[in-house]
Amino acid sequence: MAFVWKRLLGTIPSLIGVVVLTFFISHALPGDPAAYFAGPAANAASIENIRATLGLDRPLPVQFVRYIGDLAQGNLGRSLTTGQPVLTDLLERLPASLELSSFALLFAIIIAIPMGVWAATRINGGVDHACRALVTVSAAFPTFFVGLLFVYIFYFLLGWAPQPLGRLNEIAYSPPPHFTGAYTIDALIAGDWPVLRASLAQLILPAISLGLFALAPIARITRAAMLEALGSDFIRTARASGLPVRKILMTYAFRNVLLPVSSVLGMVFSFLLGSNVLIEQVFGWQGVGAYAVSAVIASDYAAVQGFVLMMAVLYVLLNLAVDIFATLVDPRVRFEG
Amino acid sequence: MAQLEIDNLSVEFRTRHGVVRALDSVSLSVTRGEIVGVVGESGSGKSVTAYTVMGLNDEAARITQGNITMGGIDLLAARPEAMRELRGREMAMIFQSPRTALNPIRKIGKQIEDVLQEHAGLPSRDLKKAAIAALARVRIPDPERRAEAYPFELSGGMCQRVMIAMALACTPSVLIADEPTTGLDVTTQAVIMDLIRDMSRSTRMSTLLITHDLGLAGEYCDRIAVMHAGHIVEVAPTEEILDHPAHPYTRQLLAATPVPESRLDDLNSIPGHLPDLRGALPPCRFSGRCERRRPICDEAELPWRELSPAHVVRCRFPLS
Amino acid sequence: MSVVTLARNTGYAFGENRLTLVAAIILALLALCAIFGPYIAPYDPLVTSATTKLARPSALHPFGTDALGRDILSRVIVATRLDLGMAVSAVALSFVVGLALGALAGYFGGWTDRIIGRAMDTIMAFPLFVLAMGIVVALGNSVANIIIATMIINLPFYCRFARAEVNVRRELGYIEAARMGGNGALRVLLNHIVPNILPPMMVQASLNMGWAILNAAGLSFIGLGVRPPTPEWGIMVSEGASYIISGEWWAFMFPGAALVLAVFSFNMLGDGLRDLLDPRKRV
């Protein structure tokens, strides 16, 4: 397990970087946080007042120490719009966002990996062309636009999807008892099938519109890596040893594909966490992204910065998870340390 | 009947740039316990011969005529699934660059177990022990520990031993070694070759040794077949071919191999190039490079000459 | 090579180039819109009309009208300047700044390299769109700050690329040779290194344009930077979004399609340029 510790230690510089940059953005850039915190109705005196209470009139190093101290206590400031501590707000909404992103990622992986494998075993076949078309299309479409297109097609034209008004039609259903905060999982735990169905119905469109964009890069890299693996010497050896096709494809080729795939996951996560904001906005999904957007509109400064910090930390942790996964798959990485 | 019989085999590749006639009327046999060398320049068709025997040819390959039998089984008529079952059990192959020929992320013991599991019919609890025994048989020191290693932790020579252990795990009756020592240092080469020879003697395995290295073939083979541009041009017992080469090409090969260690591809002293295998080819594919060529060489069908029952040559005017 | 294969290869190359050509034509048209937009547009993009709210596409208003009765075609055309302008300036800025930082890091190595490298790693430690949001909010909600934020999140790609190239060229002995000739660091960088790394970075820039457009449009979609009633594709999609559930599709569809068209063309052009420069990288 030594390598896990090594990876953990390796994230420390990233975390420090994240904290420093977040501090820099919120304290050292030319914008005036005091004016933001004071809100639109403030006058010069009240702004000065707030500047002093926030310590924004002190030298930057002093402010930094104070910032770190606040962070250590989980104090991200108070939201102007909700009046609650930002951390409380964020934690309350995080499960909804994680639920959406996880389903999107799950959808992407479940489709993309078989698709890439299939495309690689039948070059220039139908799936291969579909794979390439998807890559081109997903590079050109804005996520929010695809989300809206889906709403138009699947809600308005076809009537297959429910109205895109958030996580659950709360007029018809009441949310399941709180375990994880993800409605689908909570409904499953509670055994509340109607609510499970209803929340899944709400989830499908946003998850697919988000997942489509994660799908393309994963499928592309799977295809390329699978092609490389299939042409490699060790697959030739496996065939010369008379191993069954299934074993050659799954145990020999596919495991070697997982490593390149995990190396694009970082990019995919960056994309998912960013696009989450846009998709939540489109579908009225009450997660941290939608919270950040309303904070942006209300110039709710602390809320936005808290959101940025939380996403960055989440991203660092996700990358850590990917790293550890890669290490488990590939002994060479483990030995390189 | 020989254990492995290749009879009048022709193979071509349909490519975007035309049909490559890679093998033409190739005949060769290997009896039990015998080591037959196949030598020739790069591109002469050595590997295609090997892959065709194993049933591992590229999809672009077409077998246009001929027969291959192994222990009486018609390999070209066998269904793919039957061929798969023969590979690894009855016939095995080892390759050059052993480090890339092993799965980089699977323990070598596991890789041998995979083969055993498929072909040896052992209960799964005995697999591990059998894999370790296979490693021990190729004289890998400390096989229990090595079984847990990944290929990148081993040297090239050690990886080639693992390859051999894997190939021989189910005691096949035919082994094809395609340049098994290319890229290894001279001492390791000798160790690997000694190992292959010992194995083939002790299990009476028929071995086809493909190599660039005539010196190496001379040292380890019972008989040698010389290939040129998809033709076998001469076959003879080793001593005889080294002392009395009959085909002009064989002589040039020998002349280009003054010391046992030197390899053909190091020496560009054979004049001319292999002919392009795509166009129309003369009956003797060597005629473009041959000093002894006469007009008739390009005209009539080329006969096989039998200099002695074991020494045949495909040349109209062989050296005596 | 046989006649048949020759013909086939040419056909293939032509097919590839045709897409690049189409992309170039579309981009030329978009550039025209960007420059002459206000003159081409059939209506004033800001004039509202109570009588023609949310009118379907028709001969009079080919793209229909929005909730305030403004002509969508005119707004889409006029928005071109702002959308392309934001992306072009952001990419140009990150190109220049990234090149400078990367070249410095590669040239001087040591601490300079370490500090710049760390800074770039730190940027990459954020989900980039989220970082851009944070920067715009902190700097103040304006178009200029959208450009700056987009510039910053693009920076690491250029910086790393330039650094690697400078390193390669240093190992090849370019720099030593130039120094021996008695040139200062800046002169060496400018004269010997920059010209060599420009072409591949141009390809990168063109491939990056599409991404920059998406990014800027995404920021304005959530209400950053551009303020109504300014016509801009992202904000127009966002304004049109409210009418989808009642079936008025044109208000979001046309500006969205304009975005797709622009991004697609830049991607195709970038691919084409890359193939021209280095055909081997084609996948």
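We just call them A, B and C in the order they show up, numbering each chain from 1.
Just so it is clear, a contact is a pair of C-beta atoms (placed from the backbone, for glycine too) under 8 Å apart; a residue touches a chain by one contact, two chains touch by 3 or more.
Everything quoted here is computed from the prediction, not taken from an experiment.
Taking the CA centroid of chain A as reference, the farthest chain centroid is that of B. Looking at contact counts per chain pair, the maximum sits at A-C.
A separation of 54 Å divides the Cα centre of chain A from that of chain B. For the pair chain A and chain C, the distance between C-alpha centroids works out to 23 Å. Once the centre of each chain is set as its mean CA position, chain B and chain C turn out to be 56 Å apart.
Those residues of chain A lying in contact with chain B across their complex are 232-234, 236-244, 247, 251-252, 255-256, 259, 329-332, 335. Touching chain A in their complex are the following residues of chain B: 54, 56, 84-89, 92-93, 95, 97, 100-106, 114-115, 118-119, 150, 152-153, 163, 166-167. Across the complex, chain A is touched by residues 118, 121-123, 125-131, 133-135, 137-141, 210, 214, 217-218, 221-224, 234, 237-238, 240-241, 244-247, 249, 252-253, 256, 259-260, 263-264, 267, 283 of chain C. Contacts from chain A toward chain C in the complex involve residues 13-14, 17-18, 20-22, 25-26, 29-31, 33, 136, 139-145, 148-149, 151-152, 155-156, 163-164, 224, 269-275, 277-278, 281-282, 292-293, 296-297, 299, 301, 304-305, 307-308, 311-312, 315-316.
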